[in-house]
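Chain IDs A, B, C and D follow the sequence of writing; residue 1 opens each chain.
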Amino acid sequence: MCGIFGIYAPGRDVARLTFFGLYALQHRGQEAAGIATADGKRAYIHKNLGLVSQVFNETNLAPLEGYLAIGQTRYSTTGGVHQRNAQPYLIETLLGPLGIAHNGNLTNAVGLRQMLLEHGVGLASTSDTELMTQILAAPSDTWVGSGWEKVDDGWINRICALMQIAQGAYSVTMLTSNAIYAFRDPHGLRPLSIGKLKEGYVVASESCALSTIGAEYVRYVEPGEIVRINGHGLTSFKGIERQKNALCSFEYVYFARPDSFMDGQVIHKVRQNMGRKLAQESPVDADLVVGVPDSATPAAIGYAQESGIPFSEGLTKNRYIGRTFIQPDDTLRQQSITLKYNALTSNLEGKRVVLIDDSIVRGNTAGPLVQLLREGGAVQVHMRVSSPPVRHPCFMGVDMATYRELIANNFDTPEICAKIGADSLEYLSLKGMIDAIREAVQMDNTYCTACFSGIYPIDIPEWLFATDRDKFMFEGALG
Amino acid sequence: MCGIFGIYAPGRDVARLTFFGLYALQHRGQEAAGIATADGKRAYIHKNLGLVSQVFNETNLAPLEGYLAIGQTRYSTTGGVHQRNAQPYLIETLLGPLGIAHNGNLTNAVGLRQMLLEHGVGLASTSDTELMTQILAAPSDTWVGSGWEKVDDGWINRICALMQIAQGAYSVTMLTSNAIYAFRDPHGLRPLSIGKLKEGYVVASESCALSTIGAEYVRYVEPGEIVRINGHGLTSFKGIERQKNALCSFEYVYFARPDSFMDGQVIHKVRQNMGRKLAQESPVDADLVVGVPDSATPAAIGYAQESGIPFSEGLTKNRYIGRTFIQPDDTLRQQSITLKYNALTSNLEGKRVVLIDDSIVRGNTAGPLVQLLREGGAVQVHMRVSSPPVRHPCFMGVDMATYRELIANNFDTPEICAKIGADSLEYLSLKGMIDAIREAVQMDNTYCTACFSGIYPIDIPEWLFATDRDKFMFEGALG
Amino acid sequence: MCGIFGIYAPGRDVARLTFFGLYALQHRGQEAAGIATADGKRAYIHKNLGLVSQVFNETNLAPLEGYLAIGQTRYSTTGGVHQRNAQPYLIETLLGPLGIAHNGNLTNAVGLRQMLLEHGVGLASTSDTELMTQILAAPSDTWVGSGWEKVDDGWINRICALMQIAQGAYSVTMLTSNAIYAFRDPHGLRPLSIGKLKEGYVVASESCALSTIGAEYVRYVEPGEIVRINGHGLTSFKGIERQKNALCSFEYVYFARPDSFMDGQVIHKVRQNMGRKLAQESPVDADLVVGVPDSATPAAIGYAQESGIPFSEGLTKNRYIGRTFIQPDDTLRQQSITLKYNALTSNLEGKRVVLIDDSIVRGNTAGPLVQLLREGGAVQVHMRVSSPPVRHPCFMGVDMATYRELIANNFDTPEICAKIGADSLEYLSLKGMIDAIREAVQMDNTYCTACFSGIYPIDIPEWLFATDRDKFMFEGALG
Amino acid sequence: MCGIFGIYAPGRDVARLTFFGLYALQHRGQEAAGIATADGKRAYIHKNLGLVSQVFNETNLAPLEGYLAIGQTRYSTTGGVHQRNAQPYLIETLLGPLGIAHNGNLTNAVGLRQMLLEHGVGLASTSDTELMTQILAAPSDTWVGSGWEKVDDGWINRICALMQIAQGAYSVTMLTSNAIYAFRDPHGLRPLSIGKLKEGYVVASESCALSTIGAEYVRYVEPGEIVRINGHGLTSFKGIERQKNALCSFEYVYFARPDSFMDGQVIHKVRQNMGRKLAQESPVDADLVVGVPDSATPAAIGYAQESGIPFSEGLTKNRYIGRTFIQPDDTLRQQSITLKYNALTSNLEGKRVVLIDDSIVRGNTAGPLVQLLREGGAVQVHMRVSSPPVRHPCFMGVDMATYRELIANNFDTPEICAKIGADSLEYLSLKGMIDAIREAVQMDNTYCTACFSGIYPIDIPEWLFATDRDKFMFEGALG
């Protein structure tokens, strides 16, 4: 999970606009942030560990000159938190500067890595984004042979070659000296939207970053498509044959910001719809519907609307989360849920409560939240989850990589209900979830549901399933 | 507006508990934070500018030894942001170390300052907290004469003398080598709660800080009361004759965290009640009730419940607020509301919307929010405010100090409605607000409503009204 | 040991000049630095822990406006390294802002502290400079009674009162809203020079700070004198009856920068003279004279000139000292002298070497240096010290406060010679040292030689001698 | 100019030893510092801008595990100060991790860069060290063809290939997972010494870094030699045919620390010898010999010894140089020499002074120093320089790259004498300098004297001479 951004807008301060775009994408990754710009000749970069607002100040933003930019805000799915893994990656090539910001995960990274090392390219990080950058640094012949039918543009041709050999999920914004490129894997696993400014174009993981900087939503980048934005405007190229749509359904469930568009519909509406479906599938006789703040609020509103049970807030969340490095003492650790959440007792006392959460992945917080509601006066707590049980790991860029950590892989629903101490527990069905999305967006699209269904849209090497998280990761020589 | 905290708990890591207590009070001030501790003999302190999570790390927390502590998180109502104004203040006196954390504002600070300077005390800051600290450093005779009837305890006696001469709003936690004291002005203008831990007692501006660290709410500190917590447990002293209750009604409207108790009732409930009253007083024919996130959500829920109009979310707010020092460019500035809020168009399209906000003070955001809803598809926007118009400045610790800045002092409601571009605008009546509080808390208490009514519970010097903000401030010699 | 500075120079950037003045005084203290300025009405300050070049940058220097300034660079003789002990101290008083920068040590600090606490003044630090500041904050009557004959100026009068009650060593620069004051204890224990700029006057601990900023040396501040610099120019006042001169002889031996003037003579010359005297008193048959860099080089040159034995360098010192917080491992620790010094073997091989050091206080480095020279090829090492044995603690501002730590108090010269492994060891006699100074400066002045002779120019309370370092310090309540 | 270091010492904390080694090499570069370690399997790194003592602390040193390490302290001869140019460079290759620390300058960097880009390698910096790293990442066949006679070791073979194609000056320490390599260009333009510890071996730019950590000097790395240190001890390989010795003579004149060995002799001795030769060649009737501190002191001592004129100090230098970012105001700028140097008037008054400096490159400080001596009382100032006039640029790693900036290229000696205001000016002759070195080291070696003589030991491309500094630099696409 990462947020990526790209902009081509002569006359505007593109680094500043990228800053505010990343600021709107901060929920997609809080580990590191970076911006690269170009002025037609040279490229400039600043990146570091931290939140967007921590990484950038007026002093380090000032040298990022030019009229086009890319940026990234990073969530580390794998490996340690190292500065060398911060994005964008920026290198010089025979065709000039090349910058890459990437959201996704390549399932054949180990093979691509070996290919590059064998070609004699030394690699400075363990990131699959560096792999993409170095693959693009060489002529397409290097990797896909000379029989390759070339498109009439050096970079387009190289991107096509990359798309031939890269497997997995990738949405990418790319910067050269004088153009922005954006491309997406053939299944469209990770989102990527296009927006229009008076002065040019913007590309971003989510539409909320477009509206934040005043750009108008145009469309999304098609799966397999390459978009180029330069002085000639926006041009579309076919990068690779489009496959069956497989946009990550977890974007609808949890990741995306509620005000973002996907497939033409605002996420908030889709989540409300999931809550409605959940109410239809798993009704319960209760007095109050409460969501886990803030991500489950839309589904809770939908559940309340459909069931007729009143909605209210039952839990508060400390807004000033930020990162604290202070550890609770032993006593506090036992009640650590209260450091983040408190119960609104006045709303709960004597009530039979439906508690809505958007998903249960590892199952660490559901139990303490149920207990918090009971201590706050709830006489019954019925947990309803607006997505199906997460039973399978994701290898397409979401941080749930091994079977072992997934509670629904290890226990069935009644067992989980007992573990979390709820009076009842029900999940939205897989069909219900997909119907909820399709009805909301009024499209017949298909989606990746691998983490729920175990049906993967792309081939996953067998060893990935068999292995543990640490093994899953590239076991690099750089500690 | 500040958050204060105090704890006496032998056997616990009191600095760490104070950290988490301040973390829960972060909404009361984001400018500076500090903690002072004592071990029966010596006192220790660390404070700095920044959020609680930025000011403290394990390294600077470690030397804060002892079994009692106070802390503060500061909102700067006046003057510049200077490290020297960070609290607590810690000094040595003839009776040993003395630390003070203060929430409130002394209306006779100028006179007290002169009194101290004339006594020959040099002052290192412009803070009224330093004044309190230096007044407490001297025997009570120094300030109130020898006829003063002394209580049998050096510190209690000094606090009594301070309460004789200090005018205005103050809730204070105080630390000596071996005891915590807490006291409150005779009107109880600012809140202060007491909680119980297995190992001792806790005092905090709001009860949410008690529950965060696992303490049980006991009661609040009475107006005019002094509470001492030491090896003999908790002892109550009369500090000064109690006056008519005047807890700040704006705490109910906006300041306090929704999960905090005040007068025995959770704030969230009171705010829902305000929304209900508002629906009764100012109904409107509409399709959707929407609150300005997050502070107006409880009132919006109440309005929806009472009116029967469905509640949903209509605006999202970027959670990763933090402080950014990057300035928007000119184009962005014109649409700066989108940097913080976005409209949820799917919920708004074609709808007649009731927009609930908790209050309108300066009136800078209401207009852009109304416009955002319209652009998001709302066909009508009826603004309802769950408190009366703010027409008078506050001199008791809230950052609205001059008539000039208050929009409702300069324009009447129809004018404001026109300025913000709403289809209609109504405020909750003063009586409605007080009734909403009283019904919720089931008490007949009185409250300070000065900013709404112009009726001040304490004497305000004439010149304060006449003056502008900068003049209101102490014009210190320290730049 | 500290460096202090003051400047009155309308039309110049006084904060910047103070910066460069402190930069030249950096050798007098590396723990903390600070600058306070005033513009005729208000005062401004910035101070922090660290070297002058670390504490200040253009951003924090810019707000230090005005036409007069004081500054300090601090060496911590006592207590921990706390930000609250950084100087200058700046407070507001009835007469306006008051800033103090101090070099010295008050021997009756405990009594003055008690006096202030009893008057009801809370103290925020353990520094004797804060005591001076608070004493000056009150009218002189407060401390010395009403019979006191007043001088016709509020501040002069207060300084006179302070000089009546303060005992010990003090050289002070003081800032008010529109004037700089400088004063010195009646014995003149610590140095203080006056310089002239085209635009005004400068005061500094050493003349090297005057020449660094282009000021011309005028004279030193007389013992007991108060100098005021304001719009009327420089005026001299008698602060207290002058006592027998007792400028610290260790300034000549070690502290002062070799290019500074004292008593009209450059320090370098005095040190060469000490080397000459040492050669007369303690000749030795040898091939080479070598000084411990850099402080003993002048004395080594003098010894070589007088003895006719060639001078050369025999040891190098790593210039990039700075503070490193990396600890050597056990093996490195055994040879830790090589982290700082290396031998110049080509100069040493087969030579009988005279090693000159300026002083031996604790005796930790002399032994390793002798061994380093032997390993570097020296066949004999004769140590000669250009000052007498340090046998007595200093209570006047130099960091050698207890008998226990002084090697010459615990061992006689032959024992020390054996411990350090030298072929011979001789010190300059007390008479030789004083003669060396007097001949160089061509004056018959008297000096403080307490650390060598045990004869203290001021009364030292008996308990100070009896006590250990930690007890010597004020045992404050602030940890 | 840079300092490099390498160590193989199982059982020791190699990162810590590297820290202290770099600390001793700090004079060779103050811009950036870094350390890479390896533990037989993985490699670890930390590097940043700043002094060695600023870059490292116990926290970032701790993760640098292993039993072998390399390090660098960097002087930026070219381009801006960018973090991406900090060394060592560490990458992963098919043979495992590879780290490089480099001192020197490749004269065919532009060509090598093009070669790598054409091979499809993207480059992240403008440093020639990255080029070396990427060249070593590929099998030797990639660059030198398959006819190449291979040595029986993957890395040795690759280093041989690199040495075939790299032109210019390079001394390199290199790290793999389990071995340290050190190699030097065929002329030995930059120094590189080998030392022995009980637990292994050390390699460093100068021997002072060996003695600092307690290692015994063994020998230097031969020009064209590759040294490998691993579990089998130290092994020597021929990397490339050795050419005529051309160790940089400026190392003797200025760069190297005076206590370092080169060609078996301590630098200090060589510099004294230069001073003696200078006295023989250019005597003068004078009263005092004074050196510019600290670098010219050895030559001044030699001049004094040979001439019989007494040596003393005549100038002091502020030790606390560090970097200050505070700019002097206009008045201070005119006298900026006093911010760094002061005259010791007592030694100078009425004297005819011989001022010794080690070299004159740009000629900015000589004039102000002569004037300072005159103002300090010198009646005559005769400048003597212990090296010949610098008339030609250096392309082998020293920061004097263009004809334009060299004063002796633009003016003859009498003109320079007039410009600096000396009574006379003489340089050491080229023959005198070489003789001084040869006599001191008692060897018949040859040296690079290009900057003095214009005779370059290697072919320099014509365009390099014709171009200006900015053009000389690689004009990279990364701004």
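Assume a contact is a pair of C-beta atoms (placed from the backbone, for glycine too) under 8 Å apart; a residue touches a chain by one contact, two chains touch by 3 or more.
All of these numbers come straight from a predicted model, not from anything done at the bench.
S.K.: Starting from the defined contact criterion, work out which chains touch chain C and chain D both, please.
M.R.: none
S.K.: When the C-alpha atoms of chain A and chain D are each averaged to a single point, how far apart are the two points in Å?
M.R.: So the centre of chain A lies 49 Å away from the centre of chain D.
S.K.: Rounded to a whole Å, what is the gap between the Cα centroids of chain A and chain C?
M.R.: The separation of the two C-alpha centroids amounts to 62 Å.
S.K.: Could you work out how far the Cα centre of chain A sits from that of chain B, in whole Å?
M.R.: Each chain reduced to its C-alpha mean, chain A and chain B end up 37 Å apart.
S.K.: Touching at least two other chains at once: which residues of chain D meet that condition?
M.R.: Counting only residues that touch two or more other chains, chain D contributes none.
S.K.: Run through the chains and report each pair that touches.
M.R.: All touching pairs, sorted by chain label, are A-B, A-D, B-C, C-D.
S.K.: Which residues of chain A touch chain D in their complex?
M.R.: For chain A paired with chain D, touching residues are 39, 41-45, 63, 65, 89-94, 96-98, 117-124, 133-134, 136-139, 142, 177, 476-479.
S.K.: Could you list, by residue number, the parts of chain A that touch chain B in their complex?
M.R.: Residues in contact with chain B: 12-13, 16-17, 19-20, 23-24, 26-27, 30, 51-54, 56-58, 61, 208, 211-214, 257-259, 265-266, 268-269, 272, 294, 297-298, 301, 305, 310-313, 316, 318-320, 322-329, 331-332, 335, 338-339, 342-347, 440.
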